[in-house]
Every structure is written in structure tokens, then in C-alpha cells.
Amino acid sequence: MKIEDLREHLCGIYPDLCPLFSIEFGDGVLCVSHERLHQAASDLKDLGFDRLGMVTAVDYGEEFELVYRLQSRAMHAGIFLKARIKRETPVIASVCDLWPAANWQEREVFDLFGITFDGHPDLRRILLTDDWVGYPLRKDYEDDRIIRRPDYI
Amino acid sequence: MTQTSTSDVTPDTAETQPTGTEPTETVMETVVNIGPSHPSTHGVCRVVVHLDGEVITHCEPIIGHLHRGIEKMAENRTYLQVVPLTDRLDYVGSMYANWAYCRAVERLAGIRVPERAEYIRVIVCELQRIASHMMGIGSTGADTGAFTAFMYTFAQREKVVELFELLCGARLTYNYVRPGGVSRDLPDGWVEQCRAFTAQHPSAMLEIDDLLLGNVIARARLKGVGVLTQVDAVAWGTSGPIARGSGVDWDLRRDDPYSVYPRFDFSVPLGDNGDSYDRARVRVWECVESCRIINQALDQLEPGSVQAEGLPRLLAPRPGDAYDHIESARGSLGVYLVSDGSPRLYRMKVRSPAFCNLAVLPLLAKGHTLSDLVVILGSLDPVFGEVDR
Amino acid sequence: MVVIRKDITTPASVSNEYSPGVKGFLEKVHSLVNGLGITARISTEKPITIRYPAEKWTVSPRWRGALRLRGVLGHDEIPLIRDASTAYNAVIDDLYNGERLPPCVGNCPANVDARGQGFLIAEDRIPEAYELVRDRNILPGVLGRICHHPCETACRRNFYDEPVAIRPLHRFAYEEFRKVASERLRPLPITQEKSVAIVGSGPSGLTAAYDLMKAGYRCVMYEREERPGGALNSGVPAYRLPRDVLYDEIDGIVALGLELHCGIEVGKGKPLGALQREHDAVLLAVGLQTSRILPIPGAGADGVVGALEFLWAANHKGETGVRGKRVFVIGGGNVAVDVARCALRTGASEVRLASLESEEEMPAHPWEIEEALDEGVIATCSVGPEEVLVKHGAVTGMRMRECLSVFDETGRFSPKYGEGLSDFPCDVVVFSIGQAARLDTLIAGTEVLVSGRGQLVVDGSQFTTSTPGVFACGEVVTGPGSAIGSIATGHEAATSIIRFLQGAPLSENRTPRPVPVYAKYAVADVSSVERSRLRSVMPMTKPEERAKDFRQVELGLTHQEAMMEAARCLRCQSEVCVGCTFCARTCPDYAIHVERVDDPGGRCLTRYDLDLSKCAFCGLCAEQCPTNALTHTGQYELSFFHRDLMIFDKGEMLRSGDGTRATGRDGIMPPGCPVPRWRER
Amino acid sequence: MAFVDDLGAALDKTPGGGIILTSLDALIDWSRGKSLWMMPMGTACCAMELIAASFARFDFDRHGSIPRPDPRHTDVMVVAGTITRKMEPAVKRLWEQMPEPKWCIAMGNCAVSGGIFYYDTYSVVRGVDEFLPVDVYISGCPPRPEALQDAILRLREKVSAESIVPSRAKPVKSILPQPGDPRKGDIAAEGGEPS
Amino acid sequence: MTLLWGFLWGVASVATIAGGAILGVWWERKVSARIQMRYGPQQIGPYGSLQMIADVPKLLFKEDIVPDLADKAVFKLAPLFVFGPVATSMVVIPFAAGWAPVDMSVGILFFLAVPSIEVIAILLSAWASHNTLSTIGGLRATAQMISYEIPRSLAVLSVVLLAGSLRPLDVLSAWQWWWAPLTFVGFVIYFIASIAEMNRGPFDIPEADSELVAGYFADYSGMRWASFMMAEYGSMIAASLFGAVVFFGGGWPLSGAAGVVLLVIKTVLIMTAVMWVKWTFPRPRQDQLMSFCWKVLTPLALLQLVIVGAVLPWL
């Protein structure tokens, strides 16, 4: 399905999501507020996005951006769902109840970014040891054990 | 005799920790710890298994023993320097991570790849699929005790590795697919060698299939073990042979076509039952299909440039984010890149198929015996470089 | 060997089930027996194992083994391209065949050794550098100002950041040479009895004269104008080329033994036939003398001039009669831009440049256009001349027709015009659409043939005319082109003349090489590159000031800047590490550490450490190495007894690449450095 | 082990025991060198080459080296691959489970120094020699299987210089340079100082 | 006197087993190598045949680890118990007509019964190691070895029925060439059951290295572990030898020294077949193995017995 058709399809069914939809680098992106994330995810699932491809986060300094990549087998299309949360309150609703696939992926985001997912059944560290201090993928992560590379390009 | 060196010798091997006997309501539960270094965890995975007798009541894979922080490292490196890092993600199929990463960079920087480079990418990635599946099928043999079949598949894999060595001079970490094309053109005589390989490979593959998967014992071991239903396969986000073994008809090469795949005629093998056997057999037939694709690609290959014109040493795409995915041997491998306009990446995320596929292990293993656990784990074919990143 | 099965097709479902009943049982038994059969068959075959270490598995030629250096700065020299011969010379042939021709040399029509120039200037051997360049490019000081520098376009440094300033370095070398010229310029000995007459003192004629004098021939040159220089003298505006530079440099050639006679027009005062009798060979390097003017309505009106005439007037009289007038220049080439800028400098109130081509396709060099626009020239693109509007015999304006496309699909010149017409009011129209040769008086009374279109009949590769002993070179042969292109033909013609005079066959061993195709690089992002690594910026006068007079626009490099700039040269393909550190910068594991000193005379790679315990063998460094000094060996036996031994220093990096073992710290002494001057003090 | 140690110490004291000791050493070193069983501590990419090394084309078995999954039965631990901090205790534990005498080969740059994962990463141990006594280092990323075979042969040279009485150990005769060997140059390159 | 002879023969059989194991290991490495497109040991001795000469001293001088939490006495003793029964059972096997080390009237029963004592040793070693995987391996081994006693004994019983005696020498002297086809199914059952008995692949479930790393001997190192391996190869030699005597008539058709040579060749062939099977097939699961024993092998063995019993009156 072409990205423009997807936009029309989406707008036809969920007019409220339509203004949030944009196209970047050939991919459909839906930016929602973090309160609406779970509702939007559930709407998209009803729309036919049956596979959760990826959950990740990006550290933009003041804010974290949560990025969900959804995939629809029936429509042959993919879409990004993005939501920003404040750095001070890194909490967002879990989508584990919609896609079990989110289980480990949200654990990974929790492990590396320290973002808490409300409603996650088993939110523990997954890649690092349980006694690890800090969240390494945050831009401000400091660790004595890191050796910085020489600074030239 | 006294102990000399192992003063603080531990009572058991690292593979096994003391029998934790925790009384539950009705049964005595045994906790067995498999890994992190165990012959059939295919790397460094630790699985904590709760046993009732020999039947698994609960198991939990503990990953991260190979978590090297590649995503963090990428944030400090230029776009070209990250290519060797992606090699080390899925070390059984380095070309895939190369390619997925390069596709994301090309999307971000708006680079057009010459046609010949696309064909070469398809050829090497299909060869890589064969090499990777040889490892996957062979380790199914090793897990069930048929070590010889592993040797045979590995001999086939060696042939692919030899082709790769001729191509780019490395056996495992190729650093071959680059943003804008591939690093070098095919050497003289390579096409003929490749054709010779694809001519014999399906037959050799099916012979190994007869030896290993046609065997009555192997079928007894694999059939009905670790059944993943089609609904679960989709909900848990599995992809690749794991999903296709469960009958999920989803292959990015055909359903979200990228590169020059629409020009090839191939079919996507599917399983009925979603058990370990189907997953292994899907791999067998994917190898055969890969040979078909390679043959077609070699027929259509035309001379030309293999690198996009005019790329400077430092790529600095405009700010933004891009995602692209390809069908790797383990499923849909995606790379998500964020650029801030500087020549260094801002963020790289690898959507690792093995990570998502491994998540279903507790689901599959429940109710099976310890012997089946290694078979199920093997049938998921995880590569921990990619799982842990 | 495995039996090749035909027609293998993928089944609809891969779940292979046994048949029910007895058949299934037989299948099960068969599967076991079959398995035993397969292993039995394979066990009878010859094992595929190699017997290491006696046998080793064939290592692919591309095998990325441990790295090594082929040579290092301060230890290994590079070949310098000095030979008088032209593009068919032994050194260039060698480099070309070994794929070691540096891009700057390969892309230059005359194969000027820009790499050698950079090498010598960085070593503080500047007069030598000048002489090296002069061997291939007869007027370095002149070309250092006006050349369109194809060398810099191909410079591999484009890939990393910015190209080396090769042209300003020519100019710098000339400025330095000028100071010692009196010591270094000595007449070349005349060793041959024969002599050559050269008609025209343009760049190609001077080149041929220089080559011939080096070969020991007496050369006599005749120039029509009062001062030598040909098109350089009459066509190039003085703000780009101060005339004293040109005359001084030609004086240098005269000092080498050239007999220059100015003010003698061959054909009028001295017939060509006389030259043929007096000399053993004659070279016609007369260039193009007239401008082409389109036969459109009104073209004969007052105020319509040709570009050459306009420029001649600007250069020789300093006055073109356009003060306060509106000038309309037709053409998009470099000459048109020169005309436009000259018009500004001679007081035109408005200068408009009208080109047939679109903005991207304009044949003038982009930097020329940019400078002209800076100075206030107005450019109008994609228009073709329709009619000169005339009132009372004087030009009042120009009517132009919209042009849709200039070239057809095959790239040939075939303009397609649209319907749109536009009028531009102006007082002077300058046609700058091409030049033509005027040969009738020159060849009068000789057997030299001229084709129906008024051009000399010349062999394009040997530069002979229809008459034995009469040769031709320069723009009269090639048509309008660049100065450096003319110089290249001068070398060719000189080679032909020498062979002719010695009675050798002209075409022997002169297989023309195809010009190598060099990668074109996009503009590199240099925002994150250190300032010290970037190109020295050539100082220029401000646009508003420079548009007023004919003073030189570019101001030249200082000694310090020039030394730095020469050190930026990567000495491509020399197979000698120059310590450019691009390997260290590209290495994803930062396993390489490079240090060098940039001291004049003591320029040396002091340190090259490869930490083999970090190296990922990814090959990015060797791919990026501009000099090809850093290469992979076929070595793969990489055992060490200690981690410290895995750091390869400069000496170890220079080890032989043969064999399969890289040992590390095996007592290979690193080569020393030439003693830098600061040490001596 | 203790039995051998006691035997060695006793023979060392006995007059004339030296001759017996020398021949016993020769026998023991020979047998140890020719039968180096590997503990494949494969974690990452190098593990693939480690597998390939004992498989058909390269076949370690010819040198008497076979991989055994159980640390108790092995002589040389081949650490092939990146060791992370999460993995480090497990490797240490496996090493402790191996019976003496035991040797360690660090295969590949990750095991030698962290290799490509030396800089900027928070979870990688920079070389197994931080916690294991490594005998032979193999550079490569990953090394070819022949490189591993070569390392085994070099280790054999090292083993053959050992003695059951530590004081009688001989200098290693090998084509490889030794640490502390006079051939070993100074790390700072000669001829010219950095400006 | 008998005791003394028995002792001497015991020593001899230990030596045979040790030597046989050394050659057996080499042979297995060679056979498996050829199946796997390799060469196998090459460097020591002709075709690497003396590879074990290097392995054994190395294992001998290895550190002998006894885990702290292990039951030390049992842990140290168990390898002896593993090795003992196998060595003992060897002495009743006749090498030629009228020539058995120990002539015992219930020799066949002795051969079938005594190695089963090994089960106890395995269980002891597994338990003494204080290691979960070892324990699981030991339990698996016990179940497997005890179960497979039944079809194995039943298969041998058909020959005993034909010979009418439990004395091995009698069986050997009474052996007729047509017994081989008649009891072929019995031999196959004996072959399969013996593989299971000696924990060899594809029935090496107790020591499955992909699941249990090394099973019950996971914690043994050096010579103690070697004695487990030697017992394994010893029982393979013993079972092959016994199978060659009982099902293929020992040295038949030759006699005397030539017969002994032929017997050795037959034994080696059976051993090679054992290895061939091991390096071809995957291993079944424990429950499949047990159900195979009880549901397939035992009924088949009974069927064989019935057939022999039916044929017997017509002889």
C-alpha cells in the first residue's frame, strides 16, 4: 500500500489522528502525545497493524522520544508511532497488552534508557546485570570504565 | 591428593548450579541453570529452567552476556566507521546487518545505488542466507546429536565463505556492503564459481536433509516440539523462518519489496505445524530458493559501477530519522538511524529479529523436557551478537 | 560427489509427514538405511581437509591480512615527471600502466607533475619545483594565474576535504624562482646543427621551442605583435594576468637561448617559404585571430564587435569605448566572462551576459562566473540571439529567443528554440561565440593545404601538416581551448619535430593512452574538519574594488601558507606514506597512531604505530590510503606471546609482505629521518 | 597434580634424580604438547572460526587437539570472542574448573584487548588477560582457523619448555619473539622525535 | 587355584581392555573423521594410531579434581566400580573352541548380568558429584541400562535355546552357520540394546554433550575420567566380542589361531558398525528410547524367541 493511500485510510477511520500524521523519508509517522499513546496504538492495531516491529527510544536532551514501528501484513505497510516524554518523568503506558512482542523490547528500553512502562508485567533489566547503575544509552551516561576514543574525525 | 590451583573450586561446573530444590505446592521443583557457556546455547545464553522431573514448568532465558554496547559505540562514530560494527552484530550473517544499515543510511542521505551494486548485494545476501541457514540446520543436528550432519552443512558453508573470501578478503566479517554500493566489484571468475556452487548446492542440501531431517529419530525429536501457533507468531513479533514455520506467509523480499527483488521469481516455503521440524525444513527450502534467486541475479547482472558517484569521506545527512529493514536469515532486520546533521550518528537502533524470536522461548518450552529445550532453542536459531548487540 | 538432482521444486508445505500404515513403516526403515548409506558414501571420498602447516588453504588475493607500509616519508623518494617528451613518456607510461598515475597528473592535459611540485615545495626546494613544473608547463607563473586547473578538480583531497591549491602553488613557485632566476637561467647548449622556425609566441609555440632547445636545436620564433605571448598577451585580461609576469616569464625562455623576433608577421614581411628554406622544420603555432559573428539581422551595425577585438582593445589600449554604455555580451564561455568583466572595468554602466546554455550547463568555469556575478555582471541564461535592434545604424538593443535545450540526446550541439522573445536595450553587443584562424596570408605561396572550411590540414596526433617539415600545434589545430591544452599540443609537436629531424618514424611507440577517468566527488562536508587541515584560502581583493581597474584580483600565497599547502598534498599513488592520518581517522577502532614533522628539509614520518590487538582487519584504512602505501599482506598467522608485542611500529610496518606470518617487534629497525633543520641549529 | 609435583620435588632432591627428571619431563611435555584438548570458550564471531577450525577443512584432530565441552577434560581454554562484564564471572569460573596444568589462548582481538570494542563501550572487558593468564595471543577479527592452528603449535613450543619442577623450566624455543627478548625494540620509534 | 587363574585372567582382560580402548579410541577417531570428511589423528604413529600414547600420560599427570561439595569417598571409588564389572565380564568369552579364559557353566548369564553392576557405579558417581546435570545423567543411564537388559537378554536367549546350554564354550562348539540368518533379528536387537547398554551414540542420552555437557562424569578429570572412557570402550569391545561369538560363531569357519584372528576381525567390524551408527544418527529422547525398548525391541525379541522355539523341534 502506498503511503498516501495509508494516510487516506487512516483519516477515513480515525479523523482525530489525521493531523498528527506526516511523511518523513518515505515513511508514515504518527506523532502523538504520551497520554494518547496507548489509545493510538490500540486504534492502529484495530486498523490492521498486527505486528509490532520495534520499540525504542531516542534521547533528545530535554525529552525522550519513544518510537514504535508497526507493520501491517494485510496492508503491506509500516508506520511509526512516536511520543515524547519529559526527561524528569520517564513514564509511559506499556503496549504489552496489545502485542506480547513489546515485552522484551520494553524491557530493553527500560534497561538502557530507564523509561518505565506502566502496566508491563515484568519490568526488569534484560541486557545488563541486575546491579548495574545508570542507563547507558542516555546521552549523559557516565562510567569510569569507558575509555573515550581519540577526538579526531 | 590435595587441591593445588583451584583453591576456591566450585562444587559443579558453571553450566550447572547447585540443585535448588524449592518446595512448591505439590511437586519438588528442580532448577537447572543452562549456560551461559553451554555447547547448545549457540553462543552465550543462560537459561534458567524449572523442572518437574524432566518436564519444564517454566524457563527464562537470561541474555545480555554478549551485550557490547554497539548502539552506544555507533553514536561516536562516523557513518563509514559503523559498517564494521554492524558486521559484528549477526556474525553468522554479516552481510545482512551491513545491508540493512546501508539502506538506512542511503535513505537518510538520499544516495542512489547503482544497479550492479544492488544485484551484487542480492547475490551476496542470498549466499549469506545459505551460509547462515547451513549453520542453523547444522546446529539442529548438533543439538540432537547428529554431529556429522553439522559437519556436512558446515562444509557447504565453507564453500560460501570461500566465495566471500575471494570477493572481499574476509571469511566472516566482510565489511562489504557500504553506503552507496559495495566496496569492490566481483573478481574475475567469481561468477563461474558462484554458479558452480549454486548448481550443486540444492542437491547436496537435500542429501543432508535426507540424512538429518528425513531421519525417523530426528523427526521424532523435532516434530510436535515447541509448537508456535500462527496467532502467537504474529503477536510475538516473530519473523523469518520462525514465523514462516508457523504458516505466517510474510517475507519482506516479496511483501515489502526492496532492492531488485521484484525482478526475481521465487517462492516462500511455509510450514503447517509451527514446530521445530517445520522451522528447520523452512530453512532447507529457503536455501534452495536462494540458489534460484542467485542464478537469476547472475543472469541479469550487467557491467557498471558498484559505488555511487561522488560520495565524500564524511557523510553528513540532513537531520532526521530513517528506518529500513531487510529480510535476513533470521527475519526482518531493521536499522533505525537518527541524524543531527553532523558526520557522526546521533542514534542507531538495530531491530534484531533474533531478539524478538528468542522472546517466545518460554512459551515454546513449557511442558517439554530438558532434551527438547535445546532443540527448541536451536530451532529459534538465535545469534547472540545480534540478540544482545 | 553428490548426485545432482534435477527439477527440485519447493513443496507447498514443508511439513514432511510419513505415510500411514506399512508404507510409513517402510519409509522409516528406509530413512535409517538411507542415512547409513549417505555417511558410508561420504566416508569413501577423499577428505577435504588440508594438512596444515605443510599445506595452506589458498588465500584470496584480496585477503585482508595484517597491514604493512610500502614506504615512508623521509625514507623513500617518489618518481618525478621531468622528461621533455610529451604524454608518451617513459615515466608516465610506467605510472599509468601500474595504475599509479596520480589523479592530478592524469587529469592534466599536459601531465604537469603537481605531485612532484608539492613534494619539492614542502621540502623547501622551490626553484627545483619551478623547474619541474616548467618541464611540462612552460609558463608556470602565467598558468598559475589563468589555468582552469583540471588537476584540482581531480585532486583526491576532494574526497577528504578540499583540493590542494595546485595552481596558486605554481604561481608561488614562480614568484620564488623570480628571485633566483638570474642564477639559474643559463642558455641551453646547442648540440644539433639543425634549426627550427616557430611562427607564433603563444603557449604552444613556447612549449615546443623549450622542448626543442632542451634537445639541442636552435629555435627562431616570429611574433606578429610587438610583444610576445600570443593569446595570453592579446586575449587574457590584465586583471587576471599582469603583463609583466608574462613578459618576464617569456624573457626567461629567451634567456635559455630562444631567438625571438617580435613584430614580424610571417606571410607579409617574411614568407613562410623563406622559413622553410632557412630552417629544417617550421612549426605553425599561430592560434586563432578572429572572432565569429552570427549573421543575424543587424549584425553589421555600429556597436557590434567581436570578443577578440574587444579584448585586444582592452588589453592594448586600455580603452574599449564603452564608458557609460550598456554592454550586451553574447556567449557563455570563459571568453564571454572575460569580455563582461573587461567591459565593467572599462566603464560600462551595465553588463549583461546572455548564454544559450542554462545556468548549470554554462561552459565557463563556475568560479569565473561567480566572480563575475560578484562584480556586478548580470547573467541571462537559456536565450539565443534573434536580432540586433538597430536604429539609425546604431545598436539600441538585442532581441533574444528562448532556448529550450542546447544539446540533443547524444550530446551534440543542436539547440531547440521556443516561442518566447525578449528585448534587452543596450548600446554595444559583443559576440563571444567562438574564434577562427586567419591563414590565407600565412600560407600564401607554399604547399601547405587548407581545408574547405578554412582550417589547416593537420594530423591530430602527430601534428604534421600536408607539407613535410611543416608542423602545427596549438589552437590552430585543436580549435578554441585552454592554455594548458595548447601546451600539451606543443609537447606533442616538439616530439614529432625531433623525430622528424632525426629521421625517426613519427608514430613509433606513440600509442595514445585513454585519459583515465577519475571519480568526481561531491563537495565534502568540512564543518567538522580542523581548520589546519583545510586549503589555504587565496586572498582576493574585494569585488567592489576590483571591478574598477585591471589590477590583479588574486593576491597569491605567502611563503608560510605555501609550505603548509604543499604539505597538504597527499602524494597520491606514490606508495610512500606521507602521514596524512586519514587511516587513523577512518579506523573504526582507532588502532593507528601517526605522527610526522613538517619541517622544510626534514619532513618525515616519525611514528606509525599499528596496534594489531585492536585492528579489526576491516580494510577501511587501506581503502582510504591515497598513496597506496598502506596495504594488506596475505599474512594470517598472527600468534604472539605477549600483548605488547602486537604493536607494530614504523620499522615493523615496513616488513616484507611475503609469507604468512606476521611476527611483531622482530628487531626490524625503523628507518631514520633526514635531519631537520631545527636540529642542526 | 600434587602427585606429579611431589614426584618432581622428590626427584629433584635425590642425587641422580635429575636424569630421570629430565626424561620424565620430556615424556610429559611431549604428551601434553601433542594432546592439547580445547575448551571452546566461544562467545562471538571468533566462535565460528573456532568451530570451523575443528571441522572438515581445517581439522584440529590431526594435531591431537579436540574440542571438549566439559572444562574438566580439557587442557587449553580458547577464549574466542568478546567477553563482557556480565560474562566475565562465568569465564573465570570455567577456567577455575579446568584441571592443572592448563593454558589459555586469547583468540581474536576482542579477547586480546577488546579490539574494536576497546573505545566508547561500557560493558566489554578489555582483554581476557585482565583476569586470566594468557599464554598465546592471536590477532585477528576473527583470525583464520589456520591462525588458531598456528597458535596451538606455538603453544606446543611453550609447553615443551616446561618442567614439573618449576625451577627447571627451560627458555622457550620459538620462532616468535619473546617478551623481554633483546630483539624486541623499544616502543618509541627511533629516528626523529615527534614535533 | 581357580581363584588364582581367575585373578590372572582378570589382569589379562584389564590389559586387553586398556590396550583395546587405546586402539578403539584411535579407530573411532579415524572412523568418525572419515565419515566427516576429515583425516583424524595423523601425527603420532602410522596414521596417528599412537595418538592415545600421548593422551594417556597427559591424563595421568593431570590434576585430579575432587569438588568440595562432592561425597569424596564415593566420588573417588566410583570409577573403579565402573571399570571392574566390564573387565570381569570379559573373562568368560571364549576365543576359540574349548578355549575360554574362565570356563563357566553359566557364562552367558554371567556376561549379561555382571556388567549391570556398572549401573550402580554410574549412579554413585552421578550422585557423588553433587551436580544437577550429572544426577540427571545418572538417572537416565540407570533407567536405560536396566531396561535394555531385557531385550538384550531375550535376544541372546534365542541362541542359548538353539545351543541348549548357557556355557559359552558349548554355544561356540554347537554353532551352525544357519543360526546367523535365523537369529539375525536377534542380533539386530542385541546390537541396538548393547549400544544402549554402553551409553553410546545415538543412545548416549545420559552423557549427551548438547544437553548435559558430559552427564554423570562431568566432574571427573584426568585418569578418573579416563577410566570411565575406558570402561565405555571396554564394554564396546566386550559386547562386540560376545556378539561375534554368539551370533557369528566366533572364528567360524576357521579354527585355532586363524579363527582367533577372524574373530578379532568380526569384532572390529561390529565395533565399526557401532561407530558408524553413532556418527550417523541423531539421538532420541529419553522417553522415546524407553518406549522403543518396551514397545518395539522387547516384543521383537520375544518374537525371535518364538520363531526359534518353533524351529527347534524340527532340528
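Going in written order, the chains are labelled A, B, C, D and E, and every chain counts its residues from 1.
Basically, contacts are C-beta pairs under 8 Å (C-beta built on N, C-alpha and C of every residue); 3 or more make two chains touch, one makes a residue touch a chain.
The structure presented is a predicted model; accordingly, all values stated were derived computationally and were not measured.
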item: Touching subunit D and also subunit E, the following chains; value: B, C
item: Chain labels contacting subunit C and also subunit D; value: A, B, E
item: Chain pair, A-B or B-E, that carries the greater number of C-beta contacts; value: B-E
item: Furthest chain, CA centroid comparison against subunit B; value: C
item: Centre-most chain [mean C-alpha coordinates]; value: B
item: From subunit E, the most remote chain by mean C-alpha position; value: C
item: Distance from subunit E to subunit A - Cα centre to Cα centre, in angstrom; value: 61
item: Distance from subunit D to subunit A - Cα centre to Cα centre, in angstrom; value: 46
item: Cα-centroid distance, subunit C relative to subunit E, in whole angstrom; value: 83
item: Averaged-CA centre spacing for the pair subunit C and subunit B, given as whole angstrom; value: 48
item: Numbers and ranges of subunit E residues touching at least 2 other chains; value: 33, 35-39, 42, 63-65, 209, 213, 218-219, 279-281
item: Shared interface positions of subunit B, touching two or more other chains; value: 1, 4-6, 9-10, 13, 38-39, 64, 67, 69, 72, 76-77, 84-85, 87, 148, 151-152, 155, 173, 211, 215, 217, 314, 343
item: Where subunit A touches two or more other chains, by residue; value: 128-129, 136, 141, 149, 153
item: Pairs of chains satisfying the touch condition; value: A-B, A-C, A-D, B-C, B-D, B-E, C-D, C-E, D-E
item: In the complex with subunit B, residue positions of subunit A that touch it; value: 24-27, 50-54, 56, 58-59, 67, 69, 71, 73, 76, 78, 80, 99-101, 103-105, 108, 112, 126-129, 136-137, 141, 149, 153
item: Residue numbers on subunit D that touch subunit B, as the complex places them; value: 1-3, 5, 41-45, 47-49, 51-52, 55-57, 69-72, 81-82, 84, 86-87, 90-91, 93-94, 96-97, 99-100, 116-117, 119-124, 141-142, 144
item: Partner subunit E, residues of subunit C touching it in the complex; value: 32, 35-36, 38-40, 42-43, 45, 47-49, 51
item: Touch list for subunit E against partner subunit C, complex; value: 31, 33-35, 37-39, 42, 276-277, 279-281
item: Interfacial residue positions of subunit C with respect to subunit A in the complex; value: 528-530, 581, 584-585, 590
